[in-house]
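Scrolling down, you'll hit the structures one after another.
Two complexes follow with chain A in common, the first pairing it with chain B and the second with chain C.
Let's look at the complex of A and B:
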């Protein structure tokens, strides 16, 4: 009796410890592989028109072809460039607004009103206006990304600045730091956990906006980009290319998120300002 | 006054308001005049909320008196500055994003405009002095409370200030670490001769560390008495016991008014700690 009862317990403990030793990334890869398998099975036995749904194999082939012939790398470069330039300006303006808001009362009122009015506007909703002002050019896309990045960055940075402890502020005063030194050497690093949160929001917002705007531009957009690539593939009834474009967009998102995690490990996790996960 | 030649801090008829969120509140310090001598260890003690922190912040330049003058080196104090290096109770006073060494190096670079090599050399000297050199390359969050306070003390000393202002620097430490740091602070004072103004609510700490102890009364905060304690460095000496008893009577006597208190006193009143008595 006792043996029969104790055996399952021992077994479940053993399996639990086994789960713990399997690396997380392997679990993620297995889940992904499972989905790809289901996808391929559906194509193989589901009698689906290849004009509506590409198979994983066809997608992989298209991905490989367009990576080698330079179409996808070129489109990726265009999209990432628009994102990077837009984020760069957005970060700069966001940080300046947050600093003004922290160090002057009119600045705080200004930021409160601007954030309240502008942050609910989706980037895509701004696009028609940007197109009117800048034409079907990368400038229009960049303008929308800048617009979208400013609010999460300035609002988060401002929160980060405002929650800096009284002791930290007094140390900065005690050292007789100039205003510039205080912002650069004390406020920015002290607020970094909040700033990184703002950056994560801003890039996710910007990435969606870039791809969306490129699709809105459609074939008329001469500059290219991943949204343009997908739109083109749809126009020419090429599902494998649509899927290949989606794979690249998603993969870049995962990559950028990994980059942010790496930045966090090198900074706020190392400094004990955020727990590692 | 004949002592003004050697005095480094002079307060004359200082009134201070308690300021929170930029709104001036009630006056917490009323009409305090005193003089602190160069090289002296001057301790401020009083019950919680008596305005002792407000007073040391005024010397540090963080608060402006509503009336009266605060002079340091015969100059009116207008703002904080590294000539009055502050050590806080709060462990968060070190910059979390810099190692212990870099915390000191940064402070030296921005205040004294030293080259990096000079700053590192000086920083290492003071980390050795305060015995925190082993943790030089660690980030503050990796350190114990005692080590954090040592690092903060090293940073303050490295500025080679005219006055070291310490606001309950050992208040958040366990008793053993606190006693160890009190001993070492005395040793450091012997080696550097720096003027120390220290706020505490521990009578033992006041008698052990202070040359003179300013006993404050609360609401309004005024000088109850300034007690000479320089002869009582030996914990076992009769002088130490007498002074401890004297400070105790000064501080506790006014906590038991003739008419019974409106609210019952809760919590145990420790013999030497005032933190439990409001």
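Let's look at the complex of A and C:
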């Protein structure tokens, strides 16, 4: 008896189900391994100048050396520290702005104007100003990260607050909660999906900004961060170190994103506020 | 599956094309022993005077009318080096350390001639900075690049005065000379080690000299003009002409301070800004000696190798110099 499916469709579904049996992580690993293999083959047989492109092997060697001698861990610590402090302040200011906007008309006008004016500015564009105001120190980099983090946090949190249902608002009112209690116990949990989206955007902006600012800023020495590490490697004509720095930046990006996904699973997915993907 | 393979192959071809494009030289011969295009890369400052003079007087264009000459200004020796690696420059001028870093990493370039010998100063505004011992961990010192002549000089001075060549590494801050001057005068930098005219302007604005470069390495060269060995081999006559033009223009500058100062004042982007009178005074400074003979190459290489910034030292000057100056200097 025919089920109404043509033969190629059945075949395609069958092969699709086979693909589905391969774990996702394995597919990712295979793609990565294939890319690295092609990269190494290109270096080995492409007659490429080592001054232009480092091989995966040279990159791995440099990565290992600089992890062992403490250069990369030190630089990573500085970059993460700049990011964490900047994000911390950015989250705090963003939440305050979103709360003001939710509970007062002037606050809403203020956030609308500030977001419209400042949100389109890339964080790195205000680095020259930050250098003037905060001096040639990590404070300038942190200031730029704060600036970059405020807008996604405040915009997303504000959207989250505004999309809270009338029933939830009425419950908070009937319980006689103060404004701070309402924000802390009702609004923040209810707006969590939006807040986490804002956080994911903010850290991604912040991470790029930190590395970019460190490259532009060029604070030398042990307090330089990963951007400085790459820049320094460029000054000393060391492509394997440039690539090693890029690998660490990318790996940390993946790790941080995974951390946010985990937080999502442990909170909003678990509570049924968002579907797992 | 075939479709995926095609996609991957296409991606690889694009990647390969991009990387190959980076190494493609744009220069093609004119048939008269000269390239079709010739790009000179230099850094702003008093040391650019020979480049500015050649550019304004159109000396090269008159000699080689079929060649298109391009002049590029970049902010550091590392940028000069990158331009030559990427075939965006055929001739460059830079300090001895960035040249040695390139040579150490296998760049096929050699010294066509030297530019000058002079004295660079570490200038501070705050009177508390009398020697390197007075710099605390938060006192930033501006240098144009971590591999610049000034940065290496500071490490040698730190080795002599503080017992550790890397004692001030965390104080170094990479900043262009022009921006560094502003940062020093607005209190964002504790000190700046650059060159003329920036150092002179800093002193004129109330700064004082903490360190003289001649006290560290002696009266050695401040820069070299380099071209790739391959280019020299391909265009030997043209290269020797260029060499002779630089020798001649150096002599001309020495004999025509007033006219050269006018050129410098008229080209703010290349010279860093200043009046004709200021540049005339700087050109007449007896500590600035225009000298085509490279000096200090071995001294810098030996020190840089001793602190791990390069992996080897030249066996002799022949490893570093083109026939125009072969075996001369130090």
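We take it that the second predicted complex is superposed on the first by the 257 of 277 C-alpha atoms of A that agree within 3 Å, B and C clash if a C-alpha of one lies under 4 Å from a C-alpha of the other, contacts with A are read in each partner's own complex, and residues count from 1 in each chain.
Definition applied: a contact is a pair of C-beta atoms (placed from the backbone, for glycine too) under 8 Å apart; a residue touches a chain by one contact, two chains touch by 3 or more.
Values in this document were obtained by computation on a predicted structure and should not be read as measured data.
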Task: chain A as common anchor, with chain B and chain C clashing or fitting - done: fit
Open item on the list: One more residue to check, A:38. First (chain B), second (chain C), both or neither?
Closed with: second
TODO: Spot which of chain B and chain C makes contact with more residues of chain A, would you?
DONE: C
Open item on the list: For A:52, using the defined touch cut-off, is the partner it touches chain B, chain C, both, or neither? Pick first, second, both or neither.
Closed with: second
TODO: Classify the contacts of A:261 with the two partner chains as first (chain B alone), second (chain C alone), both, or neither.
DONE: neither
- [ ] Quick one: classify A:136 as touching chain B (first), chain C (second), both or neither.
- [x] second
- [ ] For A:65, select first, second, both or neither according to whether it touches chain B, chain C, the two together, or no partner.
- [x] neither
Open item on the list: Per the contact definition in the header, classify A:119: touching chain B only (first), chain C only (second), both, or neither.
Closed with: neither
Task: First, second, both or neither for A:159, with chain B first and chain C second - done: neither
TODO: Classify the contacts of A:236 with the two partner chains as first (chain B alone), second (chain C alone), both, or neither.
DONE: second
Task: Distance of closest approach, chain C and chain B, by C-alpha atoms in Å - done: 41
Open item on the list: Please output the residues of chain C touching chain A within their complex, sorted ascending.
Closed with: 8, 12, 15-16, 19-20, 22-23, 76, 78, 81-82, 85-86, 98, 101-102, 105-107, 138, 140, 145-147, 169-175, 183, 186, 188-189, 309
Task: Residues on chain A engaged by chain B in the complex (per definition of touch) - done: 165, 167-168, 170-171, 173-177, 181, 185-186, 189-190, 192, 267, 270-273
Task: Residues of chain A that touch chain C when the two form their complex - done: 34, 38, 42, 46, 48-53, 131-132, 135-137, 218-223, 231-232, 234-238
TODO: Spell out the part of chain B that touches chain A in their complex, as residue ranges.
DONE: 60-62, 79-82, 84-86, 88, 90, 92-93, 95-97, 106-107, 110-111, 139-142
